[in-house]
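In what follows, structures are represented as structure tokens.
Two complexes, one shared chain (chain A), two partners (chain B, chain C).
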Partner chain A sequence: MDFTLIGQSLVSGLGIGCVYGLIGIGFCVIYNASGIVNFAQGAFVMLGGMITHALFVRVELPYGLAILLAVLIVALIGVVLERVVVRPLWTRNAPMFVMILATLAAQIVIERLTYLAADDQPKTLPVFTDVPPIMLRGIAVNIQSLWIITGSLAIVALLALFFKTTRTGKAMRACAINREAAALQGIPVHSMLALAFALSAGLGAVAGIMLTPTQYTAYDVGVPFAISGFIAAIIGGFGRPFGAFLGGLMLGVVQATAILYFGAGLKTVIALSILLLFLFVRPSGLLGAAK
Partner chain B sequence: MTATARSAAASAGAVPILAAQGLSARYGQVQALAPIDFEVGAGELVAVLGPNGAGKSTLLRAILGLVATGGEVRFLGTVLPRRNPVAVASRGVVLVPEGRGIFGPMTVLENLELGAYRLGRDAQERERRFARVYELFPRLKERLGQAAGSMSGGEQQMLAIGRALMADPRILLLDEPSLGLAPRVTEEILETLRVLNRSGLPVVLVEQRAPSALKLAHRAYLLSLGRLAAVIDPREVHSHEQLAQYYFA
Partner chain C sequence: MNSSPSTILPKAVSVPARVSPRRHLAQAAPWLAAAAVVGYALVVGGYPATVVGFALIYAIFVSGLNIFMGLTAQVSFGQSAFAAIGGYGSAILTTQYDWTWAPAMLAGLAAAVAAAFVIGYPTLRLKGHYLSMATLAIGLIAHEIAVQWESVTLGYLGISGVPPIDIAGFELSSDRATLTMLTVCVLATAFAVARIRRSRLGRAFAGLAGSEDAARALGIDVARYKLLSFLLAAGFASFSGSLFVHVVGYVSPEVFSLHMVILSFTMLYVGGIGTVVGPVIGALVVSVLPETFRALRDYQDLAYGAALILLLIFAPRGLAGLFAALDTRRKP
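== the complex of A and B ==
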């Protein structure tokens, strides 16, 4: 086997793994704040790319502004989803399967609305920096992959800083550990839930925006990404944001390597096999589940 | 309420600051607390006694509106909201829950900071509150960077009370603070409650160790099977036998 080819796969795997990781973090942030597994997470990824495309291509806003606005809009959609779908069920202590079904339904609704508002044609975005790939010992590293990797690492570092040092971040952690005790301290747990949805939606949007220039986006790309992000979160230990990022990297690299050996047709099979492997052998994931 | 208990309440100078009327609670279809009138006067330390399953914790949870309740709870003349612990906490009604409810993976300092969550950015007031907590519990100051969950049970209880004090409560409710603690540590905790109460802070203390609680309390409510069994004037209880009479009456 050509080592250059393996190196190439690793780079590509790390790039897509970062995206899975960001989506996985989104799952964890919401789960920690509410105990809910939000299967509409993939919709945020899709909306990030689609809204940026609409603002950049149709409205003709500058690319940077279109990205910024898209992230904000998707974060707002996250808050609306929380208020309209999740909170009414959450306050009634709806069982987990009801919440999962509700968020899946929301995913489908968002998907269909996007289809009606746009169309079914794949859309892409320009790379962030239009320069040729960097060659490292025969391995071509495209700049967009570097954007994805460094951007994701920066986001993970900023998130860690947010949760560790800010009053709101600490309050969100407290809600994750013991929601009732947090409420007894006067921490507004409902606002923290809304914030968790905004944060997760924003993360999903960023992931979708960074990825779209290397692939494409369309109204129906959300579910596969949601599944990959969910697997990343399981691998890392559900509820562990940093674990989810590691899980995403692992999933991305294993998938890329496996595609090299077995072909792209087995990509999903490999991802689901990893999920099953972890569920059977180490259900608490790499870092141990948070709850 | 017995005549002696009424006089005890009166002698504590008790204008009720917390008054529950016809307060009941249920879990689903199960009535956990029959309607009860409950009062705490300014500066009072009121104990809630009773065996396991008597409804003591449920009474506290009902006061805070954490369970489905009937009746009404007034604090300083205004009705406390139900099912909204955040709003209740912001009125200065602060509960140290059973099992302490500390944020175990977070540090002692972070736990204390979260106690003062509603304070905002008033650094001077924050420092005053920290100083008060450190004065009461010097051990917490030595362990600020330690994960709260890694401390001993007694230290965790100190942290739970310290965190509650960081909210600058107008009334402090404690649910079994002695649970799982050695007698010496329990005495230390109860002594701190006495100091706090003497400084003017009203306290509601749910406690299974009745003799210890009665040493502190101005008044005690004895619950049994979710009903009020007696209101006790601690000055009338001189022996374990007398206390047992209340329990078996």
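== the complex of A and C ==
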């Protein structure tokens, strides 16, 4: 096996791994705030790319503005999802399985609405900066991959700052540790749930937007991304946002290397097999599950 | 946290004791409604018969799902995998190896149950969202294999030319003959589920649906009965998959996609989870209703998803629960 080929797939694996990591963080943020696993997480990734495309190509907004607006719109959709689907079930004390099924159904509904509003054609976005790839000892480093990696690291750093220093961030962490106790301290647990959905939707949208220039997006790309994000969260120990990011990087690299040997057709099967392996052998993840 | 009775339903489904005569009518009503729909399709034939035929195939699949989820209160998003094994087993053995339908169907069934055993053993130890995601992964892997293993499954192209089922030299290729055969299959399935529900096995299922710890304390081998329930569900799924390919004459990976999973859950919740008649009613209602609004075809998946969310929020016990509620309201 050629060294440059392995290096090449390592770079692309790290890029896609960052995206998986961001989605995984999205799972953890909602799970920590509420104990809910949101199976509609992939819809946010898809919507990020699709809405940016609509704003940029159809409305012809400047690229940067389109991206910013798309992230805000998707965060808003996250809040709507929380209000319309999750909140009514939460207040009715719905069993966990019902919550999972409802969010999965919401995923289908969002998918179909997107299909009706747009169409079933794959869409792509221009790269953020149109510069030829950098050559490093024969390895071509795609500039968009660099954008993804630095962008994701910046987001993770900002998140860490948010959770460590701000009042709201601390309140969200308190909810994760013990919801009842947090409520007794006067933390508005319900608004924290809405905020968690907004944050998680925004993260998903950013991941989707950064990734779209290197691949494509379409109304039905959500579910595989949601599963990859979930796998990242499992590898990192469910409920640990930064574990999820590391898990995403690992998944991305393993998947990219496995594609070298087995071919791109089995990409999903490889990811799912890693998931099953972890679930059967070490369901608490590499770092151990939160709590 | 999730071995509790609340995994599926807020209240565990109890096996009813002997019914009073007054309740017989309320219990028969959904069956009569189902019989009316099937009877209408039998008389009219043609397109309505095709729609109802599909509904009956789904009724068998959902009945299997109901054993695992309704009676045993477990979760599986991956039953489509076993329908795929049965369906592809029948299609491949009859078209490529010239088997007749019965041994092919049995071979598919055996393969599905064997797969369920191998998969179920490690998977069923999981709980909550781990179990949900693991079973979802299994369904998706099966779909992906059907797409990628082109030398056997022909990928997206699918396998066509699967012969219809024949009984004693008489080919069941007409609408009415097919529908009659499917009706018999659904009745047999419902009878089997009803028997299972009232048997020692069904009581064990209900026991571990109520509380795994309590069931264990009573000497019920929880892991064994969970696996048994999973195998039964896989068996019915495989059976419905085989019926599908023989009735349609064609199979492709799209048949066993996530769409199938959501559709079957909608049916289960519309009809009423944990009841014998629920899956049949649910399958008929969910299949027939969209046909009456033809213009809404593009919106079908949307409608299924939205209906499922509304049901989960406002009527988690489905139509069968509605019948039961009417019945208790009438009581003094």
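Details
Assume the second predicted complex is superposed on the first by the 290 of 291 C-alpha atoms of A that agree within 3 Å, B and C clash if a C-alpha of one lies under 4 Å from a C-alpha of the other, contacts with A are read in each partner's own complex, and residues count from 1 in each chain.
The rule is short, and it goes like this: contacts are C-beta pairs under 8 Å (C-beta built on N, C-alpha and C of every residue); 3 or more make two chains touch, one makes a residue touch a chain.
Only a predicted model underlies this, so the values are computations on that prediction, with no experimental measurement involved.
In the superposition on chain A, A:Ala171 contacts chain B only, with no contact to chain C.
In the superposition on chain A, A:Pro95 makes contact with chain C only, not with chain B. When both complexes are overlaid on chain A, the residue A:Ala181 reaches chain B alone and has no touch with chain C. Ranked by how many residues of chain A each touches, chain B and chain C are led by C. Touch criterion not met for A:Arg83: it reaches neither chain B nor chain C. When the two complexes are laid over each other on chain A, chain A has no residue in contact with both chain B and chain C.
Residues 64, 66, 85-86, 89-90, 94-95, 97, 101-106, 110, 113-115, 117-118, 163, 167 of chain B touch chain A in their complex.
On the chain A side of its complex with chain B, the touching residues are 167, 170-171, 173-174, 177-178, 180-190.
By the touch criterion given at the top, residues 1-2, 6-10, 75, 77, 122-123, 126, 128-130, 132-134, 136-138, 140-141, 144-145, 148, 258-259, 262, 265-266, 298-299, 301-302, 304-306, 308-309, 312-313, 316 of chain C touch chain A in their complex. Those residues of chain A whose C-beta lies close enough to touch chain C in the complex are 37, 39, 85, 88-89, 92-98, 100-102, 104-109, 111-113, 116, 223, 227, 230, 234, 238, 265-266, 268-269, 272-273, 275-276, 279-280, 283.
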